[in-house]
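Shared between the two complexes below is chain A, which pairs with chain B and chain C, respectively.
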Partner chain A sequence: MRRSATPFLLLLLLAALLALPQVLPRFHTYVASIVLLTALLATSLNLAIGYTGLYQFGHAVFYGVGAYGTALVLTRSGMPAPVAFLVGPLAAAALSLVMGVICIRLSKLYFGMLQISLGSLVWAVVYRWYSFTGGDDGIHGIPLPDAIASPKGSYYFTLTVTALCVFAMYRIVRSPFGKVIQGIRDNPVRAAAIGVDVRLHQLASLVIAGFFGGVAGSLFVVVENSVFPDMMFWTFSLEVLIMCLLGGMYTFFGPLVGASVIVLLRVFASVHTQYWSLILGTILTLVIIFLPDGVLGRFVRRSLPKEDRGA
Partner chain B sequence: MDFAANLFSTGTLSQILVGLSRTTILFIVSSGMSLILGVLRIPNVAHGSLYMIGAFAAWTVIQFLGGGLFAFLAAMIVAPLIVAAVGFILERGFFSYLYEREHLMLLLLTFSFALILGDLVKIVWGPEYRSVTVPAFFQGSAEIFGLPLPWYNLFLLLVGPCIAVFLWLVINKTKLGKIARAAAVDGEMVGAVGINTGWIFAFTFVLGSFLAGLGGALIAPMVNISLGMDHSLIIETFLIVIIGGLGNMWGALLGSLIFGLTQSLGILVWPQFGIAFPYLAVVAVLVVRPRGLLSSTW
Partner chain C sequence: MLRVESVVKSFGGFKAVDGANLHVNAGEIVAVIGPNGAGKTTLFHLLTGHLSPDSGRILFKGKEIGGLSPHVLCRRGITRSFQVVNIFPRLSVFENVQIAVLSRERKTFRIFSPVAGMAEEEVHRILRSVGLFDQRDVESDLLSHGDKKVLEIAVALSGNPELLILDEPTAGMAPEETERCIRLIRKLSGESGLTILFCEHDIALVFEIANRIMVMVRGATVVQGSGEEVRRNSEVQSAYLGESGGC
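Moving on, here comes the complex of A and B:
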């Protein structure tokens, strides 16, 4: 009964999001765009961590590489904009494949620690390569096509791409492939025993997650008009992980909720205080202690019949 | 010999010696990380913050005692003790209730402590840079085989092996250390034979925190003590622990040496991206031995 209500609620949400820039002032439209693309980023991470059970601790790197790929093509080559929006995510997916091949043989935490370390290598290279990436200054004033240069234009572009990507990921999770990666998450040994190529599926999931993370990065270029190395720093990777945890890691829409909450809190907290980390750390501590399933996860578990709740 | 003499000119060699002395600090910090990782199975992201607190606390102690050799040596003892106390509070106050949780949750909890401690340092010490001058006793340079090496770096080169021996004694020769090693292999079994594993975990966490604080105190005269010094350190210790094998103390030593050497050589060869060389070493090690160089406890 509940399930039938979900599409209706989603359509309602989409309608509200479409109407948003018509009523909101400019700054809030910008914040809404950031919320959307961060939600996409968190959902893409959840594909690897929540659905495949891979401790991807360096996800912000794909976000950053997607953004830098797009920004560099837009500023440094004469190629048309659509190419730029393909190059970014594809570069992120390629990097995700390389890092995945290096790390995939390692067990859970070991895998995550190596991902976060390799990710910080990418950050260090971007941070120091002044002649190519602009070093710690980043790249500013990126030329955009007129249609998406205005705040409203960029908002609608972000909304469209985010909605399409989230829908695509939803289909992936529901596909046979999605069932297989969830099986691997729950019991890799058993999955291997029934003939599943575990590493191939894990790698594929990492690449897909990296690709959509890269898409979120490309959207960041559209919304922010600039890129800087700190968007791929390891602390941000863990912050995205917090978003997944806060929303609920084993639900599909949890990371969307978590990302919205964190981004909005950050925007409004930064107006009043410089101690954002303190607030975020406190929230995270409380969530871990009292709400380990996340906001949405708890809600979903409540709504399930008792015997399905599990441990 | 001629070839070697040319390749390793005096400048290069003394630079490597200076690099090695920084490596001893990395070893001290990452051996603490490795201990906690081995026994508690937590990659402690807050380890860097503990190191940063060690550096700031050393600065405060030296200011309080008015400088000089005595104040400096006192800071080297008091600052790590302060950090150990912070570790004790974290372990008894939070972690001890949550060991049953997934490792991912524990890792994120350490990250939340890293965030909180980072801002608390900002509140207590402010956002400015702090610096500690090397006491007069350690100023100037020694001559080692005709190479100039600052006394303080020589001091560090001596401290490193002392800490290694001390840790080896604690882990292998004391009852507490033996129980901790047993708990690293099978904590449940250790509990089943009637040992209170909670206090073993606390001991390990406090010892690990002490080592992080000691590393921070020792690095204080060599760098600007600043917010954010925890961020780069944590990745370095991760790499060292990965090279050496998770939870293996000698692995931490070997990993620090490999890390320090590849980094200082790398920066000589290619100043802009020398930082990448330790990563290449890590990838090379993992291709040959996916679980790190020395056997890890898990």
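Moving on, here comes the complex of A and C:
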């Protein structure tokens, strides 16, 4: 695979994704939608953890807040749907900013632990606040505009938004900002010594990651028609983190691969066994031992010139 | 340009810098020498904002800079290299310099314009001037130790500093690499009139290239002056040159 082949392969993938609902049954179209939005979620996490080197252990909170933001506007206000789809991600970005300001003072694992704690606080509020968020029942039967209410409609909406967001993030990691956050990841001391305000850039990266995580949450509302507190529980944050590890944290498209593998595994393996996480555990162990760069990381490192590597 | 007045920095009960005085005029090459543990690196950390002084004053171009953070000092015109190589190991040689140039131009918050090719001319010019142009696409972690040190100087230069601080620029270098590094320092000072402050264990090298020398012992400044003055100072002879057998 040479450099010039990558855009071609991506177009091919996009064409296949466009054709998917025409050939797949309804359930599989739904699964494909979940794969897409989860891939977006994992890619947004990778911006913080893979590219900026921040231990973003509570990423599902931004996903959840994005979903709840959209769901609440759709069910509890008379505002038009586009507003709801803006409110979700913006709420996630705002929360990301607030949590970021608090957590960024700590480094490495401490950053991650504090983020989990603050995230759990948000989860607890959502879980208990029956009159507003529906508590542990969540919110169901969320009304959607007709155009995106059908499985096909929601699939195409999800595909469009995911493709646009992934493209935007692809541009970001190749911008001056993207290079600088990678520099910060590798050597924050050097970054400060060349005049980079390290915390400000880390914070900006967190907000961007939170925003796109929130977009994925909004898409979840479109696909599932419901939201529930467990989507922002820390165990799900961990699952998204595993997707990044599995696919390859230092590649751009690795998390997409990881998300696809895990979502498909969960859906199809759980049909046959309730112990599907056993399979996941085995795969993950093997990956960590034999492919420390992740599935795609390994592949990319071997076959591509340096230019095409994500990091 | 730079004036350090009775600066003190202690860690717990240990006074690493205890009354250091230093002044550096524009265009000079000034060296700080002293036995291991004399507080040279701590002093440099104080000058570049990696540590803040407990007391005393640090003035740069007439303004107090003690306690400012590293990125602010970089923007004021002080950049540095570190004693232990400090580069962006996963980025290429080109990118290491490019990121520093973009930082100086305050372009690091551009999030949608592609970075490839940005500031290319200037990066190439800098790489040519330090002799790393041919290795521009190499992942910088794969460079030799000497080349990494030179790359770090290139990165520091990309900030267009007025004062360049080098913490043991030739540490761990092979003789021919050291020779090349000295030529580079001379060239920078000669061609662009850059003010350079460095510390170094290689005394011969210090006397060869420094206009003036400051000697530190146990955190305090013993003397600052020309090579000849330093050589004649009896305190220096006993505390430093005598012990190490002269040079």
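A few points about this structure:
The working rule: the second predicted complex is superposed on the first by the 302 of 311 C-alpha atoms of A that agree within 3 Å, B and C clash if a C-alpha of one lies under 4 Å from a C-alpha of the other, contacts with A are read in each partner's own complex, and residues count from 1 in each chain.
Heads up, the rule we're going with is that a residue touches a chain if its C-beta (ideal position, glycine included) is under 8 Å from a C-beta of that chain, and two chains touch if they have at least 3 such contacts.
Quick caveat, the model's predicted, so the values are computed rather than measured.
When both complexes are overlaid on chain A, the residue A:108 reaches chain B alone and has no touch with chain C.
In the overlay built on the shared chain, the residue A:282 is in contact with chain B alone; chain C does not reach it.
Between chain B and chain C, B touches the greater number of residues of chain A. Applying the stated contact rule after C-alpha superposition, one finds that A:176 touches chain C and leaves chain B untouched. By the touch criterion stated above, A:190 is placed in contact with chain C alone, chain B being left untouched. With both structures placed on the common chain, the touch criterion links A:24 to neither chain B nor chain C. Within the complex formed with chain C, the chain A residues making contact are 168, 171-172, 174-180, 182-183, 186-187, 189-198, 201, 204, 208, 306, 311.
Within the complex formed with chain A, the chain C residues making contact are 48, 50, 69-71, 74-75, 79-80, 82, 86-92, 95, 98-100, 102-104, 107-116, 118, 137, 139, 155-156, 158-159. Interface residues of chain A facing chain B in the complex, by the touch rule stated above, are 49, 55, 57, 102, 105-106, 108-110, 112-114, 116-118, 120-121, 124-125, 128-129, 233-235, 238, 241-242, 245, 274-275, 277-278, 280-282, 284-285, 288-289, 292. Residues 41, 43, 45, 94, 97-98, 101, 103-105, 107-109, 111-116, 118-120, 122-123, 231, 234-235, 238-239, 241-242, 246, 272-273, 275-276, 279, 282-283, 286, 290-291 of chain B are the ones that touch chain A when the two sit in their complex.
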